[in-house]
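Presented sequentially are two complexes of chain A, the first with chain B as partner and the second with chain C.
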Partner chain A sequence: MDLFLQTLLNGLLQSGIYALVASGLALSVGVVGIVNFAHGEFLMIGAFLAWAASASLGLDPLLSLPVVALAVFGVGALTYRVSIRHVLLAPELNQMLLTFGLGILLQNLALMLLGGNTRTVSTPYQASSLQLGELTVGGPKAVAFAFAVALLAGLYFVLYRTTLGRQMRAVAQNRRGAQLIGINVDRVYLLAFAASCGLAAVAGVLVSVLLFASPTVGLVFALKAFAIIVMAGLGNLTGVLWASVLLGVSEALVQTYVPGGGGWSDAVFFLMIFGTLVLRSFRGSR
Partner chain B sequence: MKKMLLTGLMLALSGAGAVKVGVLLPLSGAGSVSGQAARSGYLLALDEINRAGGVLGKPLELEFGDDGSAPAKAVPEFVKLVTVDKVDFMVGGVSSATSIAISGPAKQYNTFMAWIGAAAVPVEDAFADHKYFFHYHPWAYYNFEAILGYFKTLKTQRKAKNIAIAYEDGPFGSAGIDATIAAFKKAGFNVVMAEKFKTGSGNFGPLVSKAKAAKPDILYWIGYDTDALPLATEVKQQNLQLGLLYGTPPSWPVGFEKNKLSDNVAGLSLWLPSSPQAESRKFVAAYKKKFGTTTEEYFAPLAYVNLKSLSAAINAAGSTDKDKVAAELAKTNMPTPFGPLTFSKSLKTQYQGFKSGNWLHFQFLGDARVPVYPIRFAQKPMVWGK
Partner chain C sequence: MSDSRQPNVSQAGQHRAGQELVIEHLAAGYGKVQVLWDVNVRVGPGEFVAMIGANGAGKTTTLRAVSGVVKPTGGHIRLGGHDITRAAPSEVVALGLGHVPEGRELFAMMSVRENLELGAAMRPAARAAQQHTLEQVYTLFPRLQERSKQLAGTLSGGEQQMVAVGRALMGLPSVLVVDEPSLGLSPLMTQTVFEALKAVNAEGVSVLLVEQNVGLSLRLAHRAYVLENGQVVKEGTGEALLADPGVRAAYLAL
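This part shows the complex of A and B:
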């Protein structure tokens, strides 16, 4: 029974980091309408910036988090101005090719400038945990989960309770209509895309504490984020947390109870994408 | 003007007929820590060789190629070195996957290869019939022989009986895992868990929970540097009581030794800079003089030994004739930072350099890798966690 409960807890805690990564992607898909294949690379930039602040200035990653998020927000804004903006009206395939190329470019730049080494940060709370009887709650993962819940709540508030949020939803629903009633669509897109990159950086900072910084660290999380936004419904922010929990817990159950389950963990999210798409098409045909 | 032309001519003539050695390494990508370390080792050896008069009376030349840690990039890079740069000999090779990929072209061009890495058994199979293949790094079964020897000592001295194995699901972790489990069982250990994991995923929560239920004395993980910190973190967070957490990644994360979570984590290395051997001390001093720093990566001295031994063999052969050089290299008996280097048969290849007796077991103790076994090389007693 303890093993089962610990497995559920492991899955729940893991889902926090998944939700953090997926929230930014959901924002860029939902508002800007672009599937950003370079999302994992913005996470990687966040992880490296947190590592650099820790290694060179001795700054705790959680303290450097606001600065890192702001810096990557800036990188995202620049990326939007230089590239994304010019393909917004282009066919979806072109948009995907652009972000895919951007991802490869950023990853290879990191490889050239920093090498392929894995870099780790050292914090006093890295191995902290809370003991609940026989169950253990890992400190940094619990923080990541709390961050994910708070950020998703914050995003929800911005989208549904502020003027900017209303503008974002209007642009997402009907770009031309929003333009006709005087909304600066370009500004809304820029803010939404930059914010999605900033959210990826927040996830990156936590990944640097939980795992490591390396040029390829973002890939595995970006793939899982795609699975989550497909399950949640493209652009559906409220569904992101539940989809993340479902993915995290399913992976943990497979890893613990299926023989050789560790090797199957990546199959879980492909299976979930497959299942969700089949279910949706089945419902749609009725 | 005449003087400049004359100098140019002299330089061009001095290079003409020089022995060229191609070096294929992972200078970028996942294996770049080892690749960059090896590059430094080659550059140091090149300096020393050329200061001592070069090879066959001319300065030795190196042509570096980056295999990008990827088989698809390794093959064209190898072919370019052999056919366009027309190197006389090939050295380098860290990854098993890239080495398997180039085995075809190596045989096609009958290339002389003095290879430093690539320990997986499929590489041995791929080069078993290649006449000019000299392998320096111990094969994987020699590595395991060294690990088993150490664990047997722990069984006798610390009553270690139960082993949990965590292995990555790629060829590095999974190849030969059944034989590993069988060998542990044959040696009288209980293998209480053998779990796969996805390298780089960092998701060790369920695996450690499972290990906790199995109550192992040793957790032996076969994975990459990306897995070291997440695994150590999860072991600590879940308070998994272990005698030893033992890993065999090809390299460790940068700065891992400074992290408190690395304390008492143990691993395997062919060499450590603190090794007391005279040749090792000489290498460390020369390396520090050239690069202003030291290295903990054993691929640096391995590359150094590789080029030094090859150049000595070419000089002894008196030409670049492959058969003559192979005959001389096969006779090698030189002191190295790892101990004496000689070549003898392995299970399938003709010329194998280092074997199981060259491995050192270390522990991360007080911000450094400290040798703890074999006892004659131990600088501190091993810390057993139970």
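This part shows the complex of A and C:
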């Protein structure tokens, strides 16, 4: 029983970071209508910036987080202005090629500048752990989860309780209607894309604490984020939270109960995409 | 609408000065395809003007050009004292245009109320008056008050049209352009929507109505224009056009 609860808890903790990456991706897919294949690379930038701040200034990643978020928000805004904006009306294949190319560019830049090694960040809470009755939680995991939850709460507050958030949801649901009631759609796109990149970077900061920074660290998170937004239904922002928990918990269950499950757990997201698509085609809905 | 509401409206001081909308020698199109060649339309302050024409004549394109969604390739558009020929849609809204688009273009996953509130969100003056305007819209369409929490995408076509009109009114427009509101509506529902437009116009808002329902709109409008192949080919008072043999043959099948 305890093993089961511990497994659920591990899965839940993992899902915080998934939700962070996926809700960022959902913003660019849902609001801007761009499938950003470079999303994982913005996460990677966040992870490296956190590592750099820690290695050179001795700053705890959780302290450099706001600065990293702002910096990558800026990078995202610039990326929108100089590239994304110009392909909004282009065929989808061209858009994908652009973001895919951007991802490869960023990965190789990181490889050139920093090499292929993984960089770890040391924190005082690295080896600590929390005891909740019979259950144990690693310090970094607990901290990362708390941050993820706080950031997601902030994000969903903005989306559902502020004028800007309403504008974003309006653009996501009906771009033409939004334009005709006077919403500056281009500005909303810029902010949504920049926020999307900022969220990826924030997730990257947490990943630097949980794992490490490396040029390819973002890849697996981006793939899982794609699985999550497919499960949630493209553009469905609230569905992302449930889908993230589902993925996190399923992975944990596989890790615990499937023999040799450590290796299999990273395939769970793929099964989930597959399962969702098959289920939907049976139901005949999108 | 019943006359009993008129005193209410003036009590609230909501009689709004309609502005003039002038479209001169407008040319526009999509990519290389030119759709509008020479459109000349004037809606005086507080006037109710109809524009009729066959499918594909360019009525929707004209309204889109007014809103700044389609960029004109020639001619001029003025709203009040402002040249809006090259203005962005958000600027045109800020200057007082309300647009009830073809196809309604609602926010399907938001409630009726949220749709209406968004209509007021982009103009500070409209935001300040939001609560009051909301009550006015509910008076105009009591059905919307009953359905205020329902998702817009689950409403009937007629109810959706009411939301589209209400959403535009929430922005406190001085000029309202309306694109085929009767499309897919029962005669009774059409009547409701048209009477609402008449009431809005009676409050001083200038209205430009595009319609396929030619009989009804010509009876409602002070003046009207006939658009054919991207050109205005006829204009006159509603009555004059209703009596025009050409119009009767082409649009009323009489």
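Definition applied: the second predicted complex is superposed on the first by the 283 of 286 C-alpha atoms of A that agree within 3 Å, B and C clash if a C-alpha of one lies under 4 Å from a C-alpha of the other, contacts with A are read in each partner's own complex, and residues count from 1 in each chain.
One rule holds in what follows: a contact is a pair of C-beta atoms (placed from the backbone, for glycine too) under 8 Å apart; a residue touches a chain by one contact, two chains touch by 3 or more.
What you are looking at is a predicted structure, and each value in this text was computed from that prediction instead of being measured.
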After aligning the two structures on chain A, examine chain B and chain C and state clash or fit.
fit
What angle, in steps of 10 degrees, lies at chain A between chain B and chain C when each chain is taken as its C-alpha centre?
150
May I ask you to decide whether A:81 touches chain B, chain C, both, or neither, giving the answer as first, second, both or neither?
neither
One more residue to check, A:166. First (chain B), second (chain C), both or neither?
second
Looking at A:14 after the superposition, I want to know if it touches chain B, chain C, both of them or none. Which is it: first, second, both, neither?
first
Quick one: is A:180 in contact with chain B, with chain C, with both, or with neither? Answer first, second, both or neither.
second
Between chain B (first) and chain C (second), which, if any, makes contact with A:262: first, second, both or neither?
first
Tell me which partner touches more residues of chain A in the superposed arrangement, chain B or chain C.
B
Look across chain B and chain C in the superposition and give the shortest C-alpha distance you find, in Å.
37
Using the superposition on A, tell me which residues of chain A are in contact with chain B and, in the other complex, with chain C.
none
Within the complex, which stretch of chain B touches chain A?
26, 28-33, 36, 69, 166, 169, 195-198, 200-203, 205-207, 209-210, 213, 224-226, 228-230, 232-234, 236-239, 251, 253-256, 258-261
Contact footprint of chain A on chain C as seen in their complex:
67, 69, 88-90, 92-94, 99, 101, 104-110, 114, 117-119, 121-123, 167-168, 171
Can you name the residues of chain A that touch chain B in the complex?
3, 6-7, 10-11, 13-14, 55, 111-112, 115-120, 122, 126-129, 131, 136, 138-141, 207, 210-212, 214, 216-217, 220, 251-252, 255-256, 260-263, 265-266
Residue ranges of chain A touching chain C (in the complex, touch as defined)
163, 166-167, 169-170, 173-174, 176-184
